Amino acid sequence: MMLRVDVSKSLGDFHIEASFAGAGRVTGLFGASGAGKTSLVNMIAGLLRPDRGRISIDSETLDDTAARVHVPAHRRRIGYVFQDARLFPHLDVRQNLDYGRRMNRLADDPVQRARVTDLLDIGGLLGRRPGQLSGGERQRVALGRALLAQPRLLLLDEPLGSLDEERKVEILPYLVRLRDEASVPMVYVSHNAGEMRQLATSIVMLRRGRVIAFGGAEVLPEALPSGLISANTRTSR
Amino acid sequence: MMLRVDVSKSLGDFHIEASFAGAGRVTGLFGASGAGKTSLVNMIAGLLRPDRGRISIDSETLDDTAARVHVPAHRRRIGYVFQDARLFPHLDVRQNLDYGRRMNRLADDPVQRARVTDLLDIGGLLGRRPGQLSGGERQRVALGRALLAQPRLLLLDEPLGSLDEERKVEILPYLVRLRDEASVPMVYVSHNAGEMRQLATSIVMLRRGRVIAFGGAEVLPEALPSGLISANTRTSR
Amino acid sequence: MFDISPTEWIAIQLSLRVAAVATLVATPLGIAVAWLLARRDFWGKSLLDALVHLPLVLPPVVTGYLLLLTFGRRGLVGAWLSDHLGVVFAFRWTGAALACGIMAFPLLVRPIRLSIEAVDRRMEQAAATLGAAPWRVFSTITLRLAMPGVLAGMVLGFAKAIGEFGATITFVSNIPGETQTISSAVYSLIQTPDGDPAAMRLVAVSIVIALAALVASEWFARRALQRLHGN
Amino acid sequence: MFDISPTEWIAIQLSLRVAAVATLVATPLGIAVAWLLARRDFWGKSLLDALVHLPLVLPPVVTGYLLLLTFGRRGLVGAWLSDHLGVVFAFRWTGAALACGIMAFPLLVRPIRLSIEAVDRRMEQAAATLGAAPWRVFSTITLRLAMPGVLAGMVLGFAKAIGEFGATITFVSNIPGETQTISSAVYSLIQTPDGDPAAMRLVAVSIVIALAALVASEWFARRALQRLHGN
Amino acid sequence: LAEDKRLTVFAAASMKNALDELNTAYAANTGVKIVASYAASSTLAKQIEQGAPADIFVSADTDWMDYAIARKDIDESTRINLLGNSLVLIAPKDSAIDNVAIGRGFDLAKLAGDGRIAAGDVNAVPAGKYAKAALEDLGAWRTAEPKFAMADSVRAALTLVARAEAVLGIVYASDARIEPGVKIVGTFPADSHRPIVYPVAATAAAKAEAAGYLAFLRSSRAKTTFEKYGFTFLPRPTS
C-alpha cells in the first residue's frame, strides 16, 4: 500500500505543511507534543479538510483540493484509534465493538471477535458501559472496535499511551502481526522511540507542522536506557 | 507528610481492598490497567466515597466511615491532575490556570505563574480554548492548573502519559524539584517503572484492587532496555 | 366527586387521542426541524426558526384563525388535501390534533434542538470512521445521545396538547364527541354560572393524565441519562 | 399600515415590560427549580415537577381563574401580600407579569433542566478538587455549561409571555394602560366585527418583537455553543 | 386629581366598537376618562366578585348580571336593561339557502343537510344559549343538536360561516350585519326565546361619576350609536 500525503492546513496560528509518502506497511509519525501529529491523522481519516493539497491511497484519491475531491470519512474505510478513546457512551462494550461491523454490513465473525477480545483482554468487560471502564480498558476497547471494522488502513494515535508495560508487551506484537500477516497497513503515532522501532517500517519526523526527517529507524533519536529519564536526573536534585 | 489509606470499595464486580501509608514525599501507585489506581486516587481526592475505611493526612481525618466523616473534595486542598485532562471547555487556558487561585482566594502570584507556564511551555497557549489544544498540551495545562492552586498534596494520574519524551525529560525534574524544594507531597500514578524510579520515594504495587507489594524502588519490576519491548519481539515475527 | 358523565368520558378519550396523535406525528417532524436548526446553515433559517416559534407568540385564537384560513375546507391547503388525498380537518378530531400539534411544535422542537447541539461531535466523527453514513450516524449516535431532549420535548408537547384549546376551538369549534376535548369542555363549563364544580372535576382528570405522562417520561429520561452518563 | 394608535402603543410597551419582567424574574427561579429537579432527590419531587408543568396542562382560563382566587384582592395570598408587603397583583400590570411568568415557567424550566442534566459531572469534580465550594461550582461551571439551555428557556418563556392572554385576561382583565397587553388587545379586536385589520397590525408587531428576541438569543446561543465546543 | 376623573367599565367583548365610540364622546364632553376592559361576561363577573376596580358592568346576558347581583357586587338599584338584539340565521354569502321562514315546523337539521351549524357555545356563550332556547321552543333542537359546531364567541361562529366551513349559523343581528361574508337568511321570532338583553349597572363600589355615565348610556346620543351598530335600544331615551 502506498499512502501519499501532501497537504497544508492552518489551525489558528499553527500551520501544517507536510508532504510524505508512506510506502511501508507501518508509517510512524513521530514528533513532540503539538507537532501536528493528530491533525495530520485527522486529515488522513477525512475528519479535517486540508486547505490545499492531496491525500491518496494507492491509486485512489481521498482528497484533492485542486480537483475538489473529498471522500467523506465513512467511505474511506480507514480505521482510527483516537488519542481520547471516544467510545460511544450509550452503547456497552459489546455494542461498541460491533458497531463497525454493523455499519459496514459485514458478516458476523465470532472467531475474529474472540481473537481480538482475548488479545486485548476485554472479554470480561463486554456488558459494561464506557463510564465503568478504567483509562486503559477504554483504550483497549477502542483498539478492538477499530480492528473489528476491518479497515484497509489503520490510524493509531498513541494507542498504547495509557497502557501499562505488561499490556504493551502483549499488544505490540499483535500489531506487528497485523502488519505482517493480516497485512493491514497502519499509520502509527507515538512519542515512544522504542515502540516506533518495533513497529514502523518508515518514519516521518514532525516538528512544528513540518516534516523534518523521513526514513527508517535511523532517523529516531537514540534510545536512552530505562525510559530516557535517568540521563537528566543530575539537573533535578 | 503522612498519608494513610485503609479502605474498601466495590465498583460493580470490582473490589478494592487497599491499605497503605505513604510516609515519603512521593507515593507511587504502580499497577496494570484496571488495577484500581484511578479509583484509589479518586477516594483520596474525595470524589469517590469508600464503602468502609479511613483516609487521613497527618493527623487530619479525611474519611472515616465508622465516624461518618467525609471531608468534601473542595475542602481537602488536594490537587488532582486527572488521567483525562478535564479542562473547563468554556474557559480559555489562562482562566483554567487561574481557576484554583480564584476559588481559594489566593493572592495573585505572577512569578509563580510565569515559572509554571514557562516550565510547561504553555505560555503561547494562554488565549486558546481547550478544544484548540493537542492532547499533550491539554495535559500540560491540567498539570499547571493543579499546581497553581497550591495544594498541600498533589495527585498525579499518569500525568505524563501523553507527553513526548523530550517534554517528559523537562517536566519530570520539575516534579522532583517540587517534591524536594517546595515539598509538595505527591501521589503519583504511572505504569512506567522508569518514571517511578525517578520520582517515587515509596511505592505501592496494586493488582486487582489489592496491594501486593509496598516499599522502595526495589519492588518495581526490572526495567527492560529501550522501553521493555525488544525482549518480546521474537514471538511476534 | 369523580362521577364522570358519558359526554365527559368521551371528551377525556378524545383528549388522549388528540394529544397522543399530535405528539407522535409532530415528534419525527420536530426532530427533523430541530436537526436543521441545530446543524445546518441555510438561507431562511431564521425564518424557519421564527415560524416554529410563531404559535407561541401569537394568541391561540389567531393561530386557530390562520389554521382555518389555511386548512379549512376553503383554505388553500385544506381544499387541496380534501380534493386530492381525501384528508379533511374541518370539524374533525384530526383538525383538533393538527391544531394541538402546531401549538405544541415550538415546545417540542426547542429541547430536541438543544440536545442535538449538545451532542459531542467527536462521537459522530468516531462513528463516521467506523463506516457509518451520515444518516446512520444520526440515527445510531446523534439521536440516541439526544434522547433526553426528545423525551423532554415530547412531554412538553403532550402536556401542551392536553391543555390547548384556544386554537382548537377556533379552528374546529367544539362538537361533543368529535372535537370537544377536556379543555374545551372545561372552558364552556367555566363560562356557565354554576359550572365550576364540574369544571374542577375535569381539571382534576387532566392533571392526572399529565401526571401520568410526566411520571412515564421521567422514567424513560432517567434511563436515557443513566445510559449517557454511563452508570 | 403601521400607523399604530396611542392605546396600541401603550399595549405594546406594556407587553414588552410584562414579558421582560416575567422572564427576568422567572429565570433565576427557573434555574433553581431546574437544578432541584435535575440534581436532587427529595420527597415530593414528582409533585414539584407536576406543579411546574401544570400551567401547560390546564386551559389558560383555568390558570387565570386559580390566580384570581389566590392572588386576587380577596384571595388568600393576595390579601396577605397586600396587607403585609403592600404588593398588589390584582388588576395591575404586575399581575399580568405574574400570570405570564407562571404560564412561561414550564417552558423556562425544562430546557434549563435538560442542560444541567447534560453537564459533564467530571468537570464539576475537577472544580471541586481546585477548591470550589458547591455553590461556586454551580455558578462557575454548571451554570456556564448549561447556558445554552438557559437561553433557550428564556426565549421560549419570553415568546410565551408575549403571546399569553388567556390567563392574563382572566386574572387581571383587559384594562387599557394597566393590563391590556398586545395579546389581549388582539383578543378584543378579534371580537369586534371590523377589528381584524387592527388585530393583524398588532399581530405583526408581536411577530416583530418575537423575531427580535429570537435573533438576539440565537446570537448569544451561538457564542455560548462556540465556547462549549471550544472553537 | 386625574384619578377622580376616571371610570372603569367592564363590558362584554361584543360591545367594543359601539362603546369605544361612545366613551370617546363622553370623555370629550365631560372630561371623565373611560377605561374599558373587554372580555367575556363570565370572566368580568368573576373578576368583579374578586374585587376588580370596575365602576360599571355591561353584561352580554342577564345570567352573569344576576350572578354578580347575587354576590352583592352590584348596586342593583342602578340596573337597567340597556340593549336588545335579535337572533338571525345566516349562511355564506354565495349560499343557495335564502329567505327561510322560521316558525313552527321549521326543520333546521334538514336545511343544514350534512353540513354544520355554527353558533356560540349553547351552554356558555349568550348567543348560543338563546339559539338553543329558540330552537327548543320551535321543536327543532333535538334533530339539529348533533350538527352544531360551537364556537367560543359569536365572532368565531361568524367566521366559520363566512369561510363556508359551516353551511348555516345562528348569531346576533348586530354581528351579522357587519360581516360581509355572510347573509341573513332568516330572523328568529322574538317570542321563541327569552328577550335578548344587555343589562348595565354600577358596581357596589362604583365612584359617584358612575351615575352620570349610566345616564349618558341612556341618552339619545347613545341610542343613535347603538342602533348604528345594530343593537335595539331598550330604554326610553332621556335626552
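Letters A, B, C, D and E mark the chains as written, and numbering starts fresh at 1 in each.
In this section, a contact is a pair of C-beta atoms (placed from the backbone, for glycine too) under 8 Å apart; a residue touches a chain by one contact, two chains touch by 3 or more.
Predicted, not measured: the structure shown is a model, and the values here were computed from it.
Peer 1: In this assembly, which chains make contact with subunit B and also with subunit C?
Peer 2: Common neighbours, subunit B/subunit C: A, D.
Peer 1: Using the contact definition stated above, find the chains touching both subunit A and subunit D.
Peer 2: B, C
Peer 1: For subunit A and subunit B, let me know how many angstrom lie between their CA-based centres, rounded off.
Peer 2: 26
Peer 1: Taking the mean of the CA coordinates per chain, how far is subunit B from subunit E in Å?
Peer 2: 80
Peer 1: Please compute the C-alpha centroid of subunit C, do the same for subunit D, then give the distance between them in whole Å.
Peer 2: Chain centroid spacing, subunit C to subunit D, equals 20 Å.
Peer 1: Which whole number of Å gives the spacing of the CA centres of subunit A and subunit C?
Peer 2: Subunit A and subunit C have C-alpha centres separated by 46 Å.
Peer 1: Which positions in subunit A touch two or more other chains at once?
Peer 2: 84, 132
Peer 1: Mind pulling the residue numbers of subunit D that touch at least two other chains?
Peer 2: If we look for residues of subunit D contacting two or more partner chains, we find 61, 65, 187, 190, 228-229.
Peer 1: Got the subunit E residues that touch at least 2 other chains?
Peer 2: Nothing qualifies.
Peer 1: Mind listing each pair of touching chains for me?
Peer 2: A-B, A-C, B-D, C-D, C-E, D-E
Peer 1: Over in the complex, which subunit A residues touch subunit C? Could you list them?
Peer 2: Touch list, subunit A to subunit C: 45-47, 72-74, 76-80, 82, 84, 86, 88-90, 99-100, 103-104, 129-132, 145-146, 149.
Peer 1: Under the definition above, what is the set of subunit E residues touching subunit C in their complex?
Peer 2: My answer: residues 40, 42, 63-64, 66-67, 116, 118, 121, 123-125, 148-152, 156-157, 159-160, 163-165.
Peer 1: Across the complex, what residues on subunit D touch subunit B?
Peer 2: Residues of subunit D touching subunit B: 122-123, 125-134, 136-137, 140-141, 144-145, 147, 227-231.
Peer 1: Considering the complex alone, what residue numbers of subunit D touch subunit C?
Peer 2: Result: residues 46, 49-50, 53-62, 65, 106-107, 110-111, 113-115, 117-118, 121, 148-149, 152, 155-156, 159-160, 162-163, 165-166, 183, 186-187, 190, 199, 203, 206-207, 209-211, 214-215, 218, 225, 228-229 of subunit D touch subunit C.
Peer 1: Can you name the residues of subunit B that touch subunit A in the complex?
Peer 2: Touch list, subunit B to subunit A: 11-12, 31-34, 37-39, 83-84, 128, 132, 134-137, 140, 158, 161-169, 172-174, 176-177, 180, 191-195, 197-198, 221, 223-233, 235-237.
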